[in-house]
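We just call them A, B, C, D and E in the order they show up, numbering each chain from 1.
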Amino acid sequence: MALPSYASTGQRVWHYAFRVICGLILFYLIAPLLVVVPLSFNAQDFFTFTPEMLRLDPAGYSLEHYRDFFTNVDWQGPLWNSLAIAPVATLLAVALGTLAAVGLSQSHVPFKRAIMAILISPMIVPLIISAAGMYFFYSRIGLQGTYWGVVLAHAALGIPFVIITVTATLVGFDKSLTRAAASLGAGPMRTFWTVQMPLILPGVISGALFAFITSFDEVVVVMFLGAAGQKTLPWQMFIGLREQISPTILAAATVLIAVSILLLAALELLRRRNERLRGLTPN
Amino acid sequence: QDASAELPPCEGCAESMVIMSWGGAYQNSQLKAYVEPYIAQTGIAVTWDESSNEAIAKLRAAQEAGNMPFDLVDVEGPDAQRACDEGLAAEIDVAEVLAPGADGATVEDDFGDSLINDCYVPQIYFSTTFGYRTDVAEWNGATPDDLCDVFDTTAFPGKRSLQASPKKNLEWALICDGVPAADVYKVLEEEGGVERALAKLDTIKGDVIWWTAGAETPQLLADKEVVIGSTYNGRLFSVIAEQGQPVEMLWDYQNFDFDGWIVPAGLDEARMNRVMHFLHFATDTQRLADQAKYIAYGPARASSQPLVSTHAELGIEMAPFMPTNPDNMKNFLVNNIEWWADHQDEVEATFQNWLAQ
Amino acid sequence: MVQPSTDAFVQFDRVQKSYDGQTLVVKDLNLSIPKGEFLTMLGPSGSGKTTCLMMLAGFETATNGEIRLQGRNINDVPPHKRGIGMVFQNYALFPHMSVAENLSFPLEVRKMGQAEREAKVKRALDMVQMGAFANRRPAQLSGGQQQRIALARALVFEPELVLMDEPLGALDKQLREHMQFEIKHIADNLGITVVYVTHDQTEALTMSDRVAVFNDGRIQQLAPPDELYEAPVNSFVAQFIGENNTMTGVVTAMERDRCVVRLDSGDEIDAMPVNVSRVGERTKVSIRPERVEFNRARFQPGAHTLRARVEEFIYMGDIFRTRLSVAGNDDFVIKTRNAPDQTRLQPGQEIEIGWLPQDCRALDAA
Amino acid sequence: MVQPSTDAFVQFDRVQKSYDGQTLVVKDLNLSIPKGEFLTMLGPSGSGKTTCLMMLAGFETATNGEIRLQGRNINDVPPHKRGIGMVFQNYALFPHMSVAENLSFPLEVRKMGQAEREAKVKRALDMVQMGAFANRRPAQLSGGQQQRIALARALVFEPELVLMDEPLGALDKQLREHMQFEIKHIADNLGITVVYVTHDQTEALTMSDRVAVFNDGRIQQLAPPDELYEAPVNSFVAQFIGENNTMTGVVTAMERDRCVVRLDSGDEIDAMPVNVSRVGERTKVSIRPERVEFNRARFQPGAHTLRARVEEFIYMGDIFRTRLSVAGNDDFVIKTRNAPDQTRLQPGQEIEIGWLPQDCRALDAA
Amino acid sequence: MPAGLGARGAAATPGPMVAADGTPLKASLARSLRRQKMRALLLIAPLLLFIVVSFVLPIGDMLLRSVQNGIVPDTLPRTVVALRDDPAEVPGEAVFEALYADLVVAEEYKVHTQLGSRLNYEMGGASSMFRGAGRAVGRFGTDIYAEQFEDADPALVDPARWAVWMADPAVREALPRTADAYDAWAGFTAELGGDDPAAEELGDVVYAALYRDLASGAQAPGLPAVDVAGFESVSLRDEFIADDAGWGEPAIWDLLRTFSPRVTAGYYLNAVDLQMGPDGVEMRPEGDRIYLQLFVRTMILSVTITATCILLGYPVAFLLASLPMRSANLLMILVLLPFWTSLLVRTSAWKVLLQQQGVINDLLVWAGLIGNDGRLALINNQTGTIIAMTHILLPFMILPLYSVMKGIPPTYVRAAKSLGANDWTAFWRVYFPQSIPGIGAGSILVFILAIGYYITPELVGGTKGVFISNRIAYHISDSLNWGLAAALGTILLAVVLLLYWAYDRMVGIDNVKLGG
């Protein structure tokens, strides 16, 4: 998109205007984060830019809310709960989802559309309906208020993401590779683990990240399904927003944003590495 | 402190409890005043569940599912009434379970009016009242001192925040529409009474931000988003005393209500024993008075009143912030729990429809 | 059709295949391949070549019929137990493994010891002259190098049968010719049986012991290259293999291996009857561009000749292609070698052309 | 190097191009194309052909130098104002428009009236014999048909210059040959100037008036096809165009257009000096397979001949390829036409080969 | 491979194809593919089972609630039966007796309040009637029967004897109402009080039933003979009407009749602002009509959000698609980052930004674009919902758009330019039409997600910017009208499924891409 030498003035203006517009939209996308991060250093207990903060007076800032986040059991408990729930839900979603995506990518799958629709349904059914439905049903079978109840529900919510990303990867997957493995004498399991899995790994990982974030950021279902013992970070944030609006929420969010950036960067590096491996040079 | 000697051992009791409460400062006061001391003495595990906002829904769903995760539920009076009416809460023989007053008063006398039904163990009086900013330029130095100033957007321009619920709002609207406080519920029950209240609310509807959670009004006041707003008096206490915001309270026609415990129906014996053991401890005279050190709510026991002193951390005299302080009680309303229990369904539906219009 | 022979190494017996339950992609295929043969399946796109190969390899199931390997029905043997080596069109090298790991893979799944594996991998790499590249990733190799690795991988576990599906399709012409040569040599040296799929006729002719020409799900002709080129059994094969000049006409005289055809233009020519049996029958006569002579000195005595006008002279490097107008057909092509003494015909020139009767084949009129 | 001519239709004047500011992809390109010429750019992948075409079309800007169209510098003219027709490798037919809409597009953007548009579209479609397909979508056409539409679209607005970037790359051999013929004819009939990019040498030789052989960002030779094939100026061109037998040796005698080379095996041969100038110089001699004679009757009197042993006989249909072992080189190939009286050499046979000295070119030793 | 090539063979042979062995081609094909199909299904089965159990069944179960109406026949079984035989507008004594018995039992189990709440959804005031009646039944004058029976024969008030009588089938047959009332009484006595019925004083309800049985001429073997003709009796009808005049009006009885069946369309009618009136289905009163309006608002807001997403997403996706891979991936992080940040946090951040004293208004005032008293209302209304939700859903628009745009080869635009089109024409006539599938994919995705959103409108939407989902949530956790919530949810779900179906048709669900 470099500007060619023959561009007219109008084109030049538009060229830069377009970039400015895109810049503004991208700014809109991250604007909330730009609010969240500074406010988490607020020395006061409100979500407000205090005059001290605006004057960049050091007194207007403090690490108090971070201290609160890292020491208060009200936050640490949920943090650990989230860390106990999300990975297990992710693992479940990824294991089952990958298996099914591999199945779905085969050439002869009866009722493929219907099956796909069912597997994707947790993504399209409005969350409040899912939450309520699971609440009543899980109560009936004794899963409500249990760790496994939340894990199962979160796994179900994460599965569409795994299915979507892994099937997308499999669409680009060269079937002749698995055939080659078979022709070389490898059975189906071995072919899967040694040939298919390493190659679709980026898709699986990105599906896993989506599943993870789904669970890690989920508040509606867990509030219905969880008992006090399964209180997760978003739940705690939600309570915080309702009962005690405190920038500790923002401190928690900032920590999570930092983690997200790390994860995304890791993903990008992984993708680049994979491209190098496969010899796909960028463009 | 001295309670350790009194606390009898608990035979055949469950070793853990799940308590549903409101979270925030209120829950913190409960924690400090009696849950932590109780844990210190018994070593049981206590888990909090901050869903008192949806207490009835949670209880009902849990009951329908036959799987009751909560041992003790903190609810407002009307919810207690409803839970009791619907069989969601167990009946409690307060005389047997609770400790008599430290001054020797019987349980019934000590709690007095707050014992609104057979399921309820009250803890505190709280009131819903208004806070206003003191730095509103447009008011030209005037400050609201009358409930009806809330409805007067010419003298006191600016946004207000009100609870997205008919309770209290309808009563206040009627009072400002000229109904004597004593007749409010009578008028509400009459044909067209609710509509009359709503019509009064219509006059300020465009200036209202509706809140559903107690923390919203303080935040809105602090953000200058509203100039005046209703909330629980304890919340305003923390805005004023702890956060030092330029806010003051308007006590005129503060609306009293109770907050207290109910025990879900159908707990097994071990859990029931534990809950009763805890209630005995947590609602004695000293414990309820202790709670008022952490939050500006009045203890439900008469015998605790004299023990209320200063804030545990700030050292502020708590009395001026107490709804029960005579200075604050020149005009007040008491939430008519029974009337609300009977009429909540229809009034709520009408009100929500009105809101959605 | 081929007679079922019990000692055939690979045998397709009345095999049919349909993907959709409506159309047959392979129709009644019968084919036996003796051990050590280099057999090529040649045919236009969509004629079912890959499908046959995939059935043999076990990646598609025959809808009907039997496929036998060393006399044993393999319909129910899964692909990884068939022990058939395979080279794919796009090579299908595992991109996440090094060259050596790729080659080692089939040995590992056969639970071979490390030392033995290494020895075999080395031998296979040397065979394709890629010993120095053992630690590269496939992405770091050129197309031709990848091709060689794919070949080595298909051979390293010493299968007796190797299938190749257009393995050279993605290479450029020079490399392709080079690899044709190498593959053929390796196959000959190791004595393995090869089933090779291509739609490049030159490749088929150059490499194969026998060629099976596919069209429309059937084998049209199964014969060694020269027989195929010089004695096509029907006009599809004649048309498909090499370039052809065709003219239609009616048979006017008939001997045992010689007939006279009166072309639609009225001219008479000599031809060899292949698919015609009696006088008066319509026929399409077919003659290869390189079999046409315009040097009178070389005409056979008494041969029928035709007058022709040169339309266009096309220089193609090693050969000259000259387009003529002959008996009303102005797309008649002759090819001559760019030899030192070769005449370059000029457009507009009038010449006389002729051929040996046995080079001009009277085929079905279809 | 071509002399800058003022009346050239297209002229590249000392053009350089770098994408990354570090390496020159096109190095000092000078080229003038007279009006009406069919010029082909031929070269291996990555040699900068497409880059040149894109600079001419205006999609890339030259880093240095000038490109002139009819004498006018077009560096600052945006692509859509250059009025150059272009056929892309993958056709680039707009998938959401019908064939007629595709053709109509360049006319619409030129604000031509409806009636005129329709007439022109019809004429263009008829020209490529696709009149019946006007309402189809590109996806409903076969590759060859799409190709024709792309051609028609590039011609419909009557540009005087048409650029084609490997337009036949995706077609199969038979179709490709057919389309080569058609494109050439249409170009000739309309009298347009064509710059054609390919890496298929046969295509280049068949179609072009002149061929520019690219390598490494430079034109190695710019000449008509037969000159290119028969008189390559350096060993890159010799190697790249057609098949070649090469042998290295030292010049032992030198005349004006004839020299004697002693090969590394000790044998002596006659050759024409091209890139050698003095006795004692090392050289690579190059001879085309079809220029080698083994029929003694045709040898020139007094010519040097070599003994050879037949290694392999490869049947390729219209020609025979025979691999010989000559003077220590066992990759020496000769090609003979599959003519009725052609000898089929047998492996193991010992023969004598020779050639005209002017067919054996002594080139640089690189 | 062009399928057309293979199809040529079929044209020659019309009719069903038959394989070489004579079986129909379809059948032999199916046979040869069976193993592959099984394998694929086997791989999918665990997940399918998982989703069905953990998700589909719960949703189905939830949706069933929208028609279930067991509460009326379960709480008032006797009344429902009695009402069937009494066509009067306000029924007679028999129905009131049944109602009395039912309410006595219901009051013990405390379920009458739930019934009241349930009926209140259909008729304002029903709740307080049932609550009142529940409190009143204990005070009804039915205690006179026990006294009179005791006077007649003390054995009749002996719980132990009653236990024996009520175990005798002959007695039960002779005194059906009594047996029924006794069973109910004994049931709750044992169940709720944990007491032995054979040792407890019988409830009035049993004596009232006995009186009715005997008064209608029943003769029970084994019981002391009592002549009840001289007994003083109470009219339960009068008692009820005295407690609440509503019992004497036809409305409540119409309502009970309408909602006696176990299955009801009532919730659905309610969900579209209809109700079951005496003359069939009719619109609800003006002030109660909110759901249609909410559905319409949900649609309008979702469409608006989708449109803004297109407007904002298109340029960004275009930029991303035209940048080199590396820079595109870096910018992509900016797109994905908010996607990865807690929804709650983002929403609260919008509050901070948008409120009247918030950052944006401050900036505008500072820049002099608006006056201090002209601060914009950007939150707690539809604007707030649109801004915050567009922000949240924008990545769902950008990602599919980007993947479609990535797939448009640059040669098309080049071709257009070589044909004489300027930048705009090349974009509008050539590039844009090819990116439409991306717009379609993104739009449906965004629309589906928007239409079911809940948390964000709840926090920033005020009263005018909320969606139907908020109403569903309200009915689930505040008003406890789960049936209505389920009905609203079913309608919403139906809309979403319809869209999903369209999406699958247009794009194919397997073409959705998330991220590069």
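Basically, a contact is a pair of C-beta atoms (placed from the backbone, for glycine too) under 8 Å apart; a residue touches a chain by one contact, two chains touch by 3 or more.
Here the structure is a predicted model, which means the values were calculated and not measured.
K.L.:
Strictly by the touch rule at the top, which chains does chain B share as contacts with chain E?
P.N.:
A
K.L.:
Report the chain closest to the protein's overall CA mean, measuring from each chain's own CA mean.
P.N.:
Given all protein C-alpha atoms shown, the central chain works out to be A.
K.L.:
Among the chains in this structure, which pair is joined by the largest number of C-beta pairs in contact?
P.N.:
The chain pair with the largest number of C-beta contacts is A-E.
K.L.:
Can you grab the rotation angle between chain C and chain D? Superpose on CA, round to the nearest 5°.
P.N.:
In short, 180 degrees.
K.L.:
Rounded to a whole Å, what is the gap between the Cα centroids of chain A and chain E?
P.N.:
Whole-Å distance between the two chain centres: 28.
K.L.:
When the centre of a chain is set as the mean of its C-alpha atoms, what distance in Å lies between chain A and chain D?
P.N.:
54
K.L.:
Roughly how far is chain A from chain C, going centre to centre by Cα mean, in whole Å?
P.N.:
Distance between chain centres: 54 Å.
K.L.:
Touching two or more other chains, which residues of chain C qualify?
P.N.:
Residue numbers touching two or more other chains: 45.
K.L.:
Counting only residues that touch at least 2 other chains, which ones in chain E make the list?
P.N.:
2, 33, 36, 476, in rising order.
K.L.:
What are the residue numbers in chain B that touch two or more other chains?
P.N.:
Only 223 qualify.
K.L.:
Report the complete set of touching chain pairs.
P.N.:
All touching pairs, sorted by chain label, are A-B, A-C, A-D, A-E, B-E, C-D, C-E, D-E.
K.L.:
Can you name the residues of chain E that touch chain C in the complex?
P.N.:
1-2, 5-10, 17, 19-21, 25-26, 28-30, 32-33, 35-36
K.L.:
In their shared complex, at which residues does chain E touch chain A?
P.N.:
Residues 33, 36-37, 39-44, 46-48, 50-52, 54-63, 65, 312, 315-316, 319, 322-326, 329-331, 333-338, 340-346, 348-353, 359, 391, 394-395, 423, 448, 451-455, 459, 469, 472-473, 476, 482, 485-486, 489, 492-493, 496-497, 500, 504, 509-510, 512-516 of chain E touch chain A in their complex.
K.L.:
Considering the complex alone, what residue numbers of chain B touch chain A?
P.N.:
Interface residues on chain B, with respect to chain A: 18, 20, 22-25, 27, 47-51, 53, 61-62, 64-67, 69, 212-216, 218-219, 222-223, 242-243.
K.L.:
Provide the residue numbers of chain A that touch chain C in the complex, in ascending order.
P.N.:
174, 176-177, 179-188, 190-191, 194-195, 198-199, 276-280
K.L.:
Mind pulling up the chain D residues that touch chain C in the complex?
P.N.:
The contact residues of chain D facing chain C are 45, 172-173, 199-202, 205-206, 225-226, 229, 241-243, 288-291, 293, 298, 314-319, 321, 335-341, 355-356, 359.
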